[in-house]
Each structure stands twice: as structure tokens, then as C-alpha cells.
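Please find the structures below.
Here come two complexes built around subunit A, the first alongside subunit B, the second alongside subunit C.
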Partner chain A sequence: MASIEFVNVTKEFDKKEIIKDLNLKIEDGTFTVLVGPSGCGKTTLLRMIAGIGPQTSGAVLIDGKDVTDIAPGKRGVAMVFQNYAIYPTMSVRENIEFGLKNNKVKKAERTELVESISAAVGLTDFLDRKPSTLSGGQRQRIALARAMVKKPSVFLMDEPLSNLDAKLRAQMRIDLIELHKKLGTTFVYVTHDQVEAMSMADTIVLMNQGLIQQEAPPETIYHEPSNIFVAQFIGVPPMNIDELGVGGVKFGFRPESAIGSTEAGTTPFSIRGEVVTREMLGSETLYKINYKDTSFMIKSLEDRFTVNQQVYVSVPTEKMYFFGEDGNRIPTSHPSYSSYIEALRSY
Partner chain B sequence: MSRGKLWEKLRPYVMIGPAMIGIGLFVIYPLFYLIYLSLFKFNLMNRNMSKFVGLDNYIQILGRQDFYKSLTNTVVYTAGVVILTLALSLLIAVWLSKRTRVNAIVQAGIFTPHIISIVSVSLIWLWMMEPSLGFLNYILKGLGLPTSQWLQSSKSAMMSIIIVSVWQAIGYYTLILVAALQGVSPTIYEAAALDNASKVKVFRKITLPLISPQLFFILIIMTIGSFKVFDTVKIMTGGGPNNATNTLVYYIYSYRTTNIGYAAAAGVVLMIIIGILTIIYFRLMAKKVHYQ
Partner chain C sequence: MKKHNNIWLTVDTVLKVVILLAFIFPFLWMISTSLQTLEETMKFPPTILPEVPQWLNFVDAMTSGPFATYARNSLIVTISVIIIQLLVMIPAAYAFAKYEFFGKNVLFALVLIAFMIPGQLTFIPIYLMMADWGLIKTLLPQILPFMSNAFGIFLLRQYFMQIPEEIIEAARLDNANEFKIMWKIMVPMSKPALATVALFSFVSHWNDYFWPLVMTDSNEVRPLTLGISMLRETEGISNWHIIMAGNVVLVVPILIVYLFCSKQIVRAFVYSGIK
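This part shows the complex of A and B:
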């Protein structure tokens, strides 16, 4: 078990700064998900913890100890790679016990560990097979078993589910949550998929262009996004955002906060538009509503409207968000907050 | 209807026909002709005077000292060239596998001997290895090291030829191995680093198995090629001094006018030896080679 801390970390690739003066603390025993679009620096951070892509300057601390000069294999971390990085010439058993052998674990203990871990991930029947004869899901399990068997204090995962099909991915998400609960170690998980982030994380660290946009539990990230980027990155479909027309301020609301109706609403934000598309997803239906020269997505549990129908869309005041010119969210305590609400009436 | 069916049956044979004619004419026919010749005391002046002697030529070969001498020479040469070339090109390939500009230049430099004619290479080395005026002894003398008689002594002649062959071959095999090394996914090395593997262990347990198909390929190709060595011997020593560098093909060549039947029989023996060696390689090594 270990906590991880980045102190003024900077990373350059070919003289280009990818990460600049980043500070972050990952608490012991948490499931932390680093999420962001590609190129945002999340994998770079993960590789710094592992020691396979050291920082240009600054320090990475594991359990309060600077690990900059400690070799990757001696940091007590294990990593699951996006392409699994399984040793193709070794059998499943050799793959799993390679790290143990290098750490001079006795043969009897090694065998016992390999057997128990492979039973836990369902690989017992494949121990003497070559990885190339196994499916993607099974290889994923080899990678997991290889990491688990070393009993690391930190688990690092770099988009481990991205090569699996949708159904298996959903299953593995649940397996990983259970695994984290069982082991209680620190998990650091990198993904660009906000669904994975929301479903598994204790804490989400949302990054963009090398900067941390927000660091909070999933509920907070969802309900109290710190800026427009966070608001639009998390949530499917993303938050509707448009200009308020007052001092560069923007307003936004989540698709499921909007109430569609055939009668005019009474809230400050109430508009009348036309349904352009309808996506019936089973438990819910998505509509794209055209209003003036813009459009909004709304999500409804009922399937009441048809394409080309004129509908009223209203959003409860408490579910409206406002963002300042710099993109940051304006808190409800802000002095002009009520004036922004009023401004919605003339939208 | 029946014509259509006939064509249906003939078509595959017609399709492979041109290739088969080529193979038949240039591979199968010469091979059988070689075996046929080896059974005769062949007369080049008048074919009709040739005499069928059965296995006499073979019996003669297996009973002659000079054949065993050249067979031993060939084995020594092959072992020297294969082991040195494999070891050196692997070493250089590991050194050059990082993609930098300097490495690209060095690699081009090492590859250059491969594009030069072996005749020119042999001549230049012949000149450099000249004992009293040659460049190599000049350098050795300059460094205060003992000089060598190189090609002029039966003790060092074989070594000298091996040096030239290795020098010429290294660049090509380095190129193959560099490509193989660069084909290994870097994440595998990162995974190994996280598994706390030492450098030696990574090389033995990961790198070597991953490039084993290429190493095996080089081993087979080089063994076959070295057993058939001719040009360096012909130009640099002519089999001498005192038969010290007389190899099998050169041995065959020396009978090209005097005894065709005997030369043909030696050729067949050489072919059988190479065939047996290749089979042994496949039997012994196939399990250690990891094809993906």
C-alpha cells in the first residue's frame, strides 16, 4: 500500500513541454482514474510512477520517498499495458512467474502463488499454453495476473480494456472494482473513456493539455464541474453550452436536466424548438432540438415526441450552470448569479 | 462439356507449367546429370570413350586422404565463419539497434563490403596481408605486436580467409538482426524492467528468443554458403599453402578437366553433407526457435 505524490513535475519530449509544474497527490488505497483526451499527458504521468518514462524535472514520491533514482523493478509497482506486453515466447506460467523469479522467490512459493493467482483470474487451464493461442480477454487476464502475483503496493493500468469488445469491457470493469476492493491497494488507472472513469473511480483526475482540470470524486465532477472542459468531457451526450449574451458568460445544462413538453414551461429558461433527430436507446430517448441557429440535446425517459414536432424545452433553475469568460464555472454565490438567471428569459 | 472438364483438370498444371519447366531445366536436370556423371569415368575429348564405373568414384573419394583434408578444412572454415559472423553481427546489431543518425551512418558503413565484389575484396585483403609490405603487418609492427605470415603460412592461411569472409558478411547479417531487434515492441522491455529483470536476463530470456527465427535463418544460410566457399580461396590462396586452405568446392574445381566423374561424385557427396547438416539443424534447433 502506498500513496503517490507528484511535486512540481515537468516532462519534455524533444524540448516540447507536455507537462509543466504539475502537483498531484494520490491517496493510499484509492482507485484513481486519470482521464482526458489523447495527448493530455495522462499516460506520461503513469509512466513516471512506473519509472519507465522519468520526469524531466521535479519529483515523484511513493509513500513520501523520492523514487527518481529507484529502478522500475524496485518501486513495488506493477503495470498492465494497453497492448498487455506479454512475453510472446514464454508460456502463460512463465509470463506470470517471470517477475517472481527475478525477485528470487523460492520455487515452492512461486508455484503456489502462480496457481492461486491464475485460479483467481480463471487461467488455470491455460498455464502451459503460449499466449498466442489465447483470446484477447485471456491475454488481458495474463497481464493482470502478472501484475497481481508480485503483490505490488501500487497497480498501474494503461487503458487495459481498450482492446476488448464492449461486453467483455463491461464485465472487466466490474471485475476490476471487485479486485480493488479485495486487494485494497492503490490503483492508478489511465483511460480516455469517461464511462470507465465514472464507473470505477474513487477519484477522477481530469486532464487536458498537461494540466489538471479537476480532481474530484465522480459525483462532484459530474454535478459540480469546475470548467467548460470538464462539463463537456464528462457525460453522454455532453453538456449543452451556449452564449448567454451577457459579458461573455456562457450557460449550460445537462441533456437529462431538460424537460420536454408540448406546453410552454414557466422556468427562466424555456424555449420552443423543433425535433430534428430522435435516438431511441431503450430505457431513454435522445432528441436533438433546433432552436434559432443552435441546437440542444435532450434526454428523456419517455418517448413522446416525433421528428419535426414543435416542443417546449425548459430547464429547472437549480440545474443551470454558468461559466465565465475564462471558462471557469461561476458559483451560485457569485453576486451577479441571479442576474444571469434573469438573462435566460431573454435568450 | 467434356472439353470444359478436361480444361478444368489441366488448368492448374498449365499454370505451374512455366515455373516447373524452369525448375526442371535448371535444377532437376543438372542434379540428375551430376549424379549420372558421377557414375562414369568420363572422357571429355570423346564422350563415347566414357566408361561406366558404378560407385567406383565414391569408393575412391572415401578412401583418399586429400578429400578428408579438404573436408576438414571446409568444416574449420564453416565453423569459424558461422560462429564469428553470428557473434559479431549480433553484438553490432545490439549496439546499432537504437535509431540514431550516427548508428545509421555506421550501419551503412558496415554494410558497404557486402555490395563490393568478393573478387575485389579478396584482392585488397591479399594486398593488405602481404607479410613484408602489407598494411596489416605494418600496423601490428607499429603497435609492437607480433606480425603474421597471413596467407603465406599453412598455419595462418585459413584464419586469414575466415577474417576476410567474416568482414564481408557481417554487414548484411547485422542489417537483418537490427531489423529483427527493432521489431520487438518496446513495451515488452518496459514490462521486463517492471518485472525487475537484469540486463543479462532480458537479453537471454526475451531478446534472444524473440529474434531466434532470424538467428536460425542466418545459421542455416551461412552454413550452406560457407560449405560452398570458393571465390576467396581461388583468388587468395589457390588452396595452398600445402593444401591448408583447400576446401571442398575448390577440390571439386581442381578436377574440372582431369576427372569429371570424380569431381561430380565429390559434388554429390558435398550435397549430401549439406543436406544432412540442414536436417540436423532443424531437428536440434526447431524447438528453440519461436515463430510467432
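This part shows the complex of A and C:
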């Protein structure tokens, strides 16, 4: 078990600053998910914790100790790589055992550990096979078993589920949540899939272009996004955003907060528009509504409207968000907040 | 359309047979001659097949000189060269493929240049050096100059470069030191390339004539190639049947090794992108 801390960390590749003065504390025993668009530096952060891609400046602390000079194999850290990085010439057993052998674990203990871990991830029947004869999901479990068997105090996972089909991914998500409960160690999990982030995390760290945009539990990220980027990154479809027309302020609302109706609403934000597309997704339906020269997505549990139909869209005031010119969210306590609400009436 | 295809298929097959014959004919000629009598080898027009196979030619060839010594020398030289080369090449190729260090490109350029310098340019200074060290009566002059193999380093480096960085990093996280990474990860993953390099080395040193000719002055240290060339002149006439019997003996080990390695070799060339 261990906490992880980044102190004023920067990382450059070929003189280009990829991570800019990053400070982050990951608490002991939490399931922290690093999420963000491709190329924002998620893998780079994990590699710094593991010690296989050291920071350019600043310090990485594990359990309060600066680990800059500690070799990757001695940090108590295990990592599941984005592409698994399984040793192809070794059998499944040898793959799982390799780290133990290097740590001079006795043969009897090794065998016992390998058997119990492979039973836990369902690899018992494949121990003597070569990885090339196994499926993607099975290989993914080798990578997991190889990390688990070392009993690390920090578990790093780099998009471990990205190569699996949707069903297996859903299953593995649950397995990983249970695994975290059982082990109680610190998990740092990288993904660019917000569903994974929302469903597994204790804390989400949302990054963009090497900067942390928000660090908070999933509920907070969803209900109180700190800026437009976060608001639009989390949620499918993303939050609707448009100019309020007052001092550069923008307003936004989530598609699922909007209420579609054939009668005019009474909330400050209430518009009449035309349905241009309808996507029936099973339990819910998505509509794209054209209004003046813009359009909004709304999500509804009932499938009531047809294309070309005129509908009213209203949004409850408490589900409205406002963002300043700098993109940051304007809190409800802001002195002009009520004037922004009023401004919605003339939108 | 179908007919057209048939024509090409025929041309293709004929060409393949021609090429095959061009390669295999000298070889069959060698075997045939090795089984003929002296008179038969000198007949005109030449006979293709021996009337009665003269198996004793092999015994004659092998008893006409200290062939056990020659064979022993060939084996010791070739095997030592291969082993030493592998020990030198693997770490060198690993470093060139996976490390960043000062002067890497210059050093690698030097390796490539070494690859292009023929032994005929360097044998005199090397001979003088070996003589100076008093090594001419040993096998070392045939081994020491070949401790490293530039072509091998080049081929292995290409191969190592294709091994994903993450596998090496995973091994580092598994607390493996660099030595372990090389022998437990890189080497098993590069078997085809290693087999190829080893085979090339085997063939070129087993067959080498020029270098031992220069570096030896007694039968004690001469390899098979020199022994067989000395079969050429006895009593003023060329004993082609005996020479060819000697050559067959020389070639057989290469065939055996090749049969064992051929699959790996093709894979190595496919992987490294040379083919």
C-alpha cells in the first residue's frame, strides 16, 4: 500500500513540454482513474510512477519518499501495459513467474502463488500454453496475473480493456472493481473511455494537454464540472453549450436534463425548435433539435417525437451551468448568477 | 485467359528447373567424380555416372594426410568462432538497438565500415601481429580476428529493434537486470536471426581457405580446406576423384547444419525486412 505524489513535475520529449508543472496526490488505497483525450499525457504519467520514463524535473514520491533513483523493479509497482507486453517466448506460467524468480522467491512458494493467482483470473487451464495460442481476453488476464502475483503496493493499468469486445469489457470492469476491493491497494488506471472512468473510479483525474482539468469523485465531475472542457468531456452526448450573449458568458445543459414537450415550458430557458434527427438507443432516445442558427441534443426516456416535429425544450434552472470567458464554471454563489438566469429568458 | 496462365506457369517452371540445375549440377558432378576411377575422370566425352562406385576413394582421401587433425582444427576453429561471436554480438546489438548513448551513431557507422573491409586488406598486419605474439603455431590466429562479426551485429540489431520497448520495460518492472533481459527475453525472441548469423558464420569459417593459408605454417594447425587442397598434386597428375571425395567430406557438415537451420533462416529474413 502506498500513496503517490507528483511535486512540480514536468516532462519534455525532444524539448517539447508534454507535462507542465503538475501537482497531484493519489491517496493510499484509492482507485484513481486518469482520463483524457488521446495524447494528453496519461501514459506518460504512469511511466513516471513506474520509473520507465522518468520526469524531466520535479519529484515523484511513493509513500512520501522520492523514488527518482529507485529502479523500476524495486518500487513495489506493477503495471499492465496498453498492449499487454507479454513475453511471447514464455509459457503462461513462466510469464507470471518471471517477476517472482527475479525477486528470488522460493520455488514452492512461487508455484503456490502462480496457481492461486491463475485460478483467480481463470487461467488455470492455460498455464502451459504459449500466449500466442490464447485469445485477447486471456492474454489480458495474463498481464493482470503477472502484475497481481507480485503483490505490488501500486497497481498501474494503461487502458487494459481497450482491446476487448464490449461484453468482455463490461465483465472485466466489474472484476477489476472487485479486485480492488479485495486487494485494497492503490490502483491508478488510465483510460480515455469515460464510461470506464465513471464506473470504476473513486477519484477521476481529468487531463487535457498535460494539464489537470479537474480532480474529483465521479459524481462531482459530472454534477460540478470545473470548466467547459470537463463538462463536455464527461457525458454522452456531451453537454450542450452556447453563448448567453452577456459579457462573453456561455450557458450549458446536459442532454439528459432537458425536457422535451409539445407545450411551452415555464422555466427561464424554454425554446421552441424542430426535431432534425432521432436516434432510438433502446432505453432512451436522442433528438437533435434545431433552434435559430444552432442545435441542441436532448435525451429522453420516452420516444415521443418524430423528425420535423416542432417541440418545446425547457431546462430546470438548477440544471443550468454558466461558464465565464476563461471557460471556468461560474458558481451559483456568484453575484451575477441570477442575472444570467434571467438572461436565458431572452435567449 | 486460362491458356495465358498456363503458358506463364510453364515458363515459370522451366526457369525454376534451369536455375535449380545451374546450382545443383556442380554439386552432383562433385559427388559423381568422387565415386569414379582416375581413368574415368579423364575420359572424353566425360561420363556422368561412375560405372562402379569407388567408395574406397573416400578412404584414400582421408588416409593420405593427417585428416583427423585437420577435421579437429576445423571444428575447434569454427565452433569457437561462432560461440565467441554470439557472446560479443548479442550485447553489442542490444546496446545499438535499445540504448541511447553518446557516440552511438559514430560507433555503429564504424561497425558498418568494418563490415565492408575485406580480410585481404588486413591480413598482413594481423599476420605480423600474430607472429609477434608467437601465436602462429596455435589455432588462435584463425579465431581471434573473428571475435566480432559486423554483419551479425547489423542483422541482430535490426531484429532487436523490432522487439517492442514495452516488453523490455515490463521485464525491468519484473526486476530483471539487463543481463537477464538479454538472455531470457531478447535471445529467445531472436532465435531465427541468431540461427542465421550462426550459420553464415559456420559456412564462411568452415569453408575458409585464404585466411588459414596465410596464418598457418604446419599441418598441426591446418584446417580441412587446406588439407583437401593438398590432395591436388601427387605424382604430377591431378587426382580429381580423390580431391572430390575430400570435398564431399568437407561439404556434408554444412548440409546437415543447413537442414537444421533453414526454417529459422527464412523467418529471420522475412522478419528483418531484408526479403
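The definition used in the following text is that the second predicted complex is superposed on the first by the 347 of 347 C-alpha atoms of A that agree within 3 Å, B and C clash if a C-alpha of one lies under 4 Å from a C-alpha of the other, contacts with A are read in each partner's own complex, and residues count from 1 in each chain.
Here is the rule we use: a residue touches a chain if its C-beta (ideal position, glycine included) is under 8 Å from a C-beta of that chain, and two chains touch if they have at least 3 such contacts.
Predicted model, so just to flag it, every value in this text is computed and none were measured.
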item: Clash-or-fit label for the pair subunit B, subunit C on subunit A; value: clash
item: Subunit B versus subunit C as contact partner of A:Ser283, first or second or both or neither; value: neither
item: Touching partner for A:Ala50 - first (subunit B), second (subunit C), both, neither; value: both
item: Which superposed partner A:Ser132 touches (first subunit B, second subunit C, both, neither); value: first
item: Contacts of A:Val77 with subunit B and subunit C, given as first, second, both or neither; value: both
item: Overlap of subunit C and subunit B interfaces on subunit A (superposed complexes); value: 50-52, 71-74, 77-79, 81-83, 85-90, 98-99, 102-103, 146, 150
item: Residue ranges of subunit A in contact with subunit B within the complex; value: 50-52, 71-74, 77-79, 81-83, 85-90, 98-99, 102-103, 132, 146, 150
item: Residues of subunit B touching subunit A in the complex; value: 185, 187-188, 190-198, 201, 205-206, 209-210, 212, 290, 292
item: Sites on subunit A touched by subunit C in the complex; value: 47, 50-52, 71-74, 77-79, 81-83, 85-90, 98-99, 102-103, 146, 150
item: Residues of subunit C touching subunit A in the complex; value: 164, 166-167, 169-177, 180, 184-185, 188-189
